[in-house]
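The structures considered in this document are given below.
Shared chain: chain A. Partners: chain B in the first complex, chain C in the second.
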Partner chain A sequence: MALIVGLPLIFTFLAFAQLSLVEDARLTPTRFIAPAALAVCMLATTWLLQQALPLHDQLLLPLITLLIGWGMAEVGRLAPPVFLQRQTTWMVLGSGALLVVALVPQGLQWLERFRYTWLLLGLSLLGMTFFLGVNPSGTGARLWLGVAGLYFQPSELLKLLMIVFLATYLAERRAALLEVSLRVHRWRIPHPAYLGPLLLMWGFSIILLLWQRDLGAGLLFFAVFLAMFYVATGQGRYVLVSLVLLAGAGAIGYHVFDVVALRVDAWWDPWREASGRSFQIVQALLAFASGGVLGQGLGQGLPSAIPVVHTDFVFAAVGEEYGLIGTLGLVISFMLLVSRAFRIALCCERMFERLLAAGIGSLFGLQSLVIMAGTLKLIPLTGVTLPFVSYGGSSLLVSMVMVGLLVRLSSRPTSPYQSSPAFIQGG
Partner chain B sequence: MLLGLRLLAVVVLYAFLLVIAYVIWRDLRSVARGHHSENVAAAREETPLAWLQVVNDTDATDWPKTVFTVVPPATLGRASDNQVVLQDEWVSAYHARIEIQAGKWWLTDLGSRNGTRLNDMLIVETTPLTKGDIISVGRLKLRFETGDGMSLADPNKTKA
Partner chain C sequence: MTTSIMRLTGALLVGFITVAVALVYWQVFRAPELVARADNPRLIQAELRVKRGSLLDRTGMVLAFSAPAHLSDSDQVVFRRHYPELAAAHLVGYYSLRHGTGGCEAVFDATLRGKRTQIEELLHRPQLGEDVTLSVSLAATRAADVALGDHIGALVALDIVSGEILAIVSHPSYDPNRLDNEWERLATDPAAPLLNRATQGVYPVGDLARWIGLAGLLSAGITTPPNPLEVPLEVLLAPLSRMGYLATAHQLGFTKTPLTVLPASPGRLPNFKGKTTERDLAVTPLHMARFIAAVAGDGRMPAVRLERTTTPATMERIFSEYVARTLRNITPKHDEIAGWLGIASPVETGRESLTWFVGYAPTTYPKVAVAVVIEDEDDRLVASSIAHRTLATLLQ
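On to the complex of A and B.
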């Protein structure tokens, strides 16, 4: 099993060796501090989890080790050295948080019991950004809270808290959502009282989207909510109704708000303003094109031509320097991670745990899909991070906490009482 | 040198993904085998009509989320000859009964000391029971589930 986590670590060391050779023309020891820190953290985490929860999912940690290591190599390649230092610090904090979440005794009841507290905490942190928000780069959306030189983005934390809240809420109301319905003429429609939360969530996402100009987060919240709603009720009609609502919101947004219009225009025809408003997406496309199948080699391309390449556009940098073969590897890793999350969800016995795992899996899947497809101009671009890979401390920390939860959910202690009948466990 | 590093990186990346794929394949195969030999066969032959799941969410008890099979008529209680044995000091020896009468499920309190609650209402006489009801006996909350409708243990789904 140590071998599995070893391979992504070797991959990370190779990337840093390549960087060192290209930029310093020799192997500089200081370059290897960051990958060494990753190796220590990940091996220690793997070992501790092995001791405490021997039955947990063995593939989660190796997969995120690859993603984090790759991300650190890209940050080292694309951004000034201080960015790599910060990312490494957040990685160490994230490993600690992952361990704490995975090893906390008493199961996950602490999450379930204080659900309104968690939601309020997340919302009030987000609310604070309206008044105290800053943007570390000086201009742009003020989505961060700064404490002692470290900047934290509450909407990242809110993603997790929202999943927790929805999991408890939907697990409790599932029966009501399924059974109560109104008869209007000849159609059976869901009772408005239970559609309420759906509309509330929709309104909330729109507010987030418009007030903060945080398109990506708004879209993600709503999509993850839909996915969890579908897992809980198994009814496609809600999803259909919601997608119509979302399309309506998009159409209104296009006509009312410049940000939305700009993103859609840049997606529809980037070449019209290739050196103006669509500069970023055009540069990303050029990066993919110059990468080809095998890529230019790390440190040998020109991905820095893309603005903010180390966060939202890291996938384009991978495309340029690792080529198709690298981007495919990255996509496969995300697919494997998401499939593990859904497998864990299937094995959970309680609805809350099942929804939590499915929600986390959906978030990872949708978030990586939205940004990778956006970078490739398959859909209009929305600014979200590529989980684990992009530079961004809050995103990395929260993503690692989510993996901690998955580790916890995947580990089932053997019951000291009567064991569950086989028919319940199969599935 | 650089080219070698790049090729090595690609080899390591895909070796890693192959190892993962191998582990997943092995995992799936063991699950498939296990199902065929035990779980699915057992589930097919004796899918229970109903079961009770412990759903306590307070930490008042350390009960695991146990599932009890219910084959009507079934008695619940602390004594070991009940069909559903509940080792909780607040549960009477013979506490309650679950049965089918006239095509419906019924719950009866058997004169227990601390009473039986159905969805938080103390029951006095035999009361109809429906899927999803919460039965409280002693410190335990048990959710009553039947084999029809949408559920993980839906016999049709288990077979698929």
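On to the complex of A and C.
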């Protein structure tokens, strides 16, 4: 079963071989450093997890190997060589982090116990970008902190810490949120004393993000919060009310913030300003179109016509060079990843673990949907990365940590993937 | 809680399915329309990678060719068009990403670009075009270019038997190698360097109205005076009504464009209002060259061709052998070259005088017809000397 991880590795090696043949007209050995590093990391991780947690979800690692390998091939294709070096470095760090998170001895209590610490850590790192923030590309939003040549984006870490915080808080206060309620007219709403801290923390992070004009992350936080709140309470009306509020906020933002107006206009009618404000989305759609069903072949299209193609628009680059076959393959991979995460959530017994798995699943699902739908003109475009695939070290590292958590959660003795003696004896 | 997790999973899966449907929409259904959009950079990229065929003169000399060049920001091989012979600029034309194609580059575009099969498309093989051998003679073109010098005007030389264009030169000219850089200036220059005066310049016939009138009189069977070149034009044309003159102009093909592929203009008939006379009929040098080709070719006018060919020309009989012979007999001859000199005065041109020379050579077995027009020039020998120098090269 563990050998499934070999298939995405073969795919990655073939992609790099193709890239080498197209760009150098021969097989250059140095081109294969990155896929070799991926193979070593992923085979080692798989083997170690197989030894330590033989009953973990067997599909998670092959899936993320495919996504990371594909992403590294795209970074090698679309960006200067140093970007691939950085991405590979982050992938190695990410594998280590994945193993550590999955193999911590005492379960996940360490996450639960220090929830406020984690959240404050995330928020203060994000706050630091106000003063110490840099942008590796020189200009643009200063969302990164630089350490020893590697740049880290705290808002990526905050995503994970927010999920952990919400999972612990909602798990603890779920009963209270459901039962202790105020009656306002005909509506029953949770008591402000319980809802308050939640909204406060969440609002604080949203403001921080909006302050930095990181719309994509802001939208994602909102959506993940909503998804976890819904999972915890099972009350659809909060979701409805929140979506109405979101639409209202969008309408206000449209009139107040230029950047929102620009994104909405470019989404509603990109063809009118195809060479101006909606250049990016129009070029993305042209890339999808020129890929057709079979694609142009890696290295043989012109995805570089799309500005910042290697981060926000990697999906369009896949569309041009791998065609519909490739894009549907990516969509199916994300569908599988998300359904595995929710399946793990269903199999967890403890409330915190359920919420944690569901939160991670929601984040993977929503984040990939937001950027895929954005590049396809289904929703206004917001700059978030395609998890695992886009260039972006912090995003890759944090995503791999989250997979580490899923691996850990999936190997609980109570999950139905197994019938270990512990399960039988412990009942 | 299980229910809410299931519902959330379902909602996300619906989202993924929507994305999949959108992918099919853009990558399959809307793809053909989007790929063909003019602002698709892939079209330019594909265009740059086409290795166009060369344009050659009738002896195989290269008039236009494509050579590999490197774009600064990519290592893809792209091709650049070069034009080594500036004398042939108007005939050869230009190939520009920004301004399209002109001249023979436009006429033979399909052949020069070549075609790609589906398999070659799939394998990303570069598109290879075929060479085209034109009928033009580079030597004659160079001679005409030198002879025209700083004069504003044009020359066209035609093979009487095959209808092949042997030379087209128009002054002022331009450098097709620098077209993209100089387009603004060229397009707004009052001297109109981009205009091909040989096929697009419509000039009043002036004195040459006598020869058109004579062709009309002879075709209608009206007796002409014994000294038709000496009687005043009004007296000569009196038996031929104005309608008869216009009918002759139509018969000689002046109301049509002589060439459908190159940019060319039809002639302009006089409306006889005010002071306009038969002399105000306006035609291009190519019209005149075809007229005298018919005179030299026993009344048969060849269809004009740009490509070197071995098939005989399609001939159109426009008047009888008798008319042609009579016109040839009274055409002045000098040094094996027969031809008509003419001046259009400022009355007709609306500016300075212009000079025509329309002739054929050799006088006994005519092979080449030529027409020269020089703007702002009243020395009738200028046009004829340019024609003589070009014909001398052509008949070597």
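By our rule, the second predicted complex is superposed on the first by the 388 of 427 C-alpha atoms of A that agree within 3 Å, B and C clash if a C-alpha of one lies under 4 Å from a C-alpha of the other, contacts with A are read in each partner's own complex, and residues count from 1 in each chain.
Everything that follows uses one rule, which is that a residue touches a chain if its C-beta (ideal position, glycine included) is under 8 Å from a C-beta of that chain, and two chains touch if they have at least 3 such contacts.
In this text the structure is predicted, and so the values were computed from the model without any measurement.
*Asks:* Considering only touches as defined above, state whether A:P62 meets chain B (first), chain C (second), both or neither.
*Replies:* first
*Asks:* Which of the two partners, first being chain B and second being chain C, lies in contact with A:G234: first, second, both, or neither?
*Replies:* Once the two structures are laid over each other on A, A:G234 reaches both partners.
*Asks:* Tell me which partner A:S362 touches in the superposition: chain B (first), chain C (second), both or neither.
*Replies:* second
*Asks:* Does the superposition put A:V308 against chain B (first), chain C (second), both, or neither?
*Replies:* neither
*Asks:* With the two structures laid over each other on chain A, which partner does A:S275 touch: chain B (first), chain C (second), both, or neither?
*Replies:* second
*Asks:* Mind working out whether A:G297 is in touch with chain B, chain C, both or neither, as first, second, both or neither?
*Replies:* both
*Asks:* Check whether A:L125 is in contact with chain B, with chain C, with both or with neither, and answer first, second, both or neither.
*Replies:* Neither: A:L125 stays clear of chain B and chain C.
*Asks:* Which partner chains sit in contact with A:Q18 here, chain B, chain C, both or neither? Use first/second/both/neither.
*Replies:* First partner only.
*Asks:* One more residue to check, A:R350. First (chain B), second (chain C), both or neither?
*Replies:* A:R350 contacts chain B only, not chain C.
*Asks:* Looking at chain A, which of its residues have contacts with both chain B and chain C?
*Replies:* In the superposed arrangement, which is not itself an observed complex, chain A uses residues 234, 297, 300, 339 for both chain B and chain C.
*Asks:* Touching chain A in the complex: which residues of chain C?
*Replies:* 1-9, 12-13, 15-16, 18-20, 22-24, 26-28, 30-31, 33-35, 37, 39-42, 45, 75, 124
*Asks:* Report the residues of chain A in contact with chain B in the complex, numbered from low to high.
*Replies:* 3-4, 7-8, 10-11, 14-15, 17-18, 21-22, 58-59, 62-63, 66, 106, 109, 112-113, 175, 178, 234, 294-295, 297-298, 300, 322, 325-326, 329, 332-333, 336, 339, 349-350, 415-418, 420-427
*Asks:* Enumerate the contact residues on chain B facing chain A in the complex.
*Replies:* 1-3, 5-6, 8-10, 12-17, 19-21, 23-24, 35, 38-40, 42-43, 47-48, 51, 57, 59, 63-69, 87, 132, 150, 152-153, 157-158
*Asks:* Can you tell me which positions in chain A touch chain C when the two form their complex?
*Replies:* Residues 23, 227, 230-234, 274-275, 282-283, 285-286, 288-293, 296-297, 300-302, 305, 319, 323-324, 327-328, 331, 334-335, 338-339, 342, 345-346, 351, 354, 358, 361-362, 365-366, 369, 372-373, 376-378 of chain A touch chain C in their complex.
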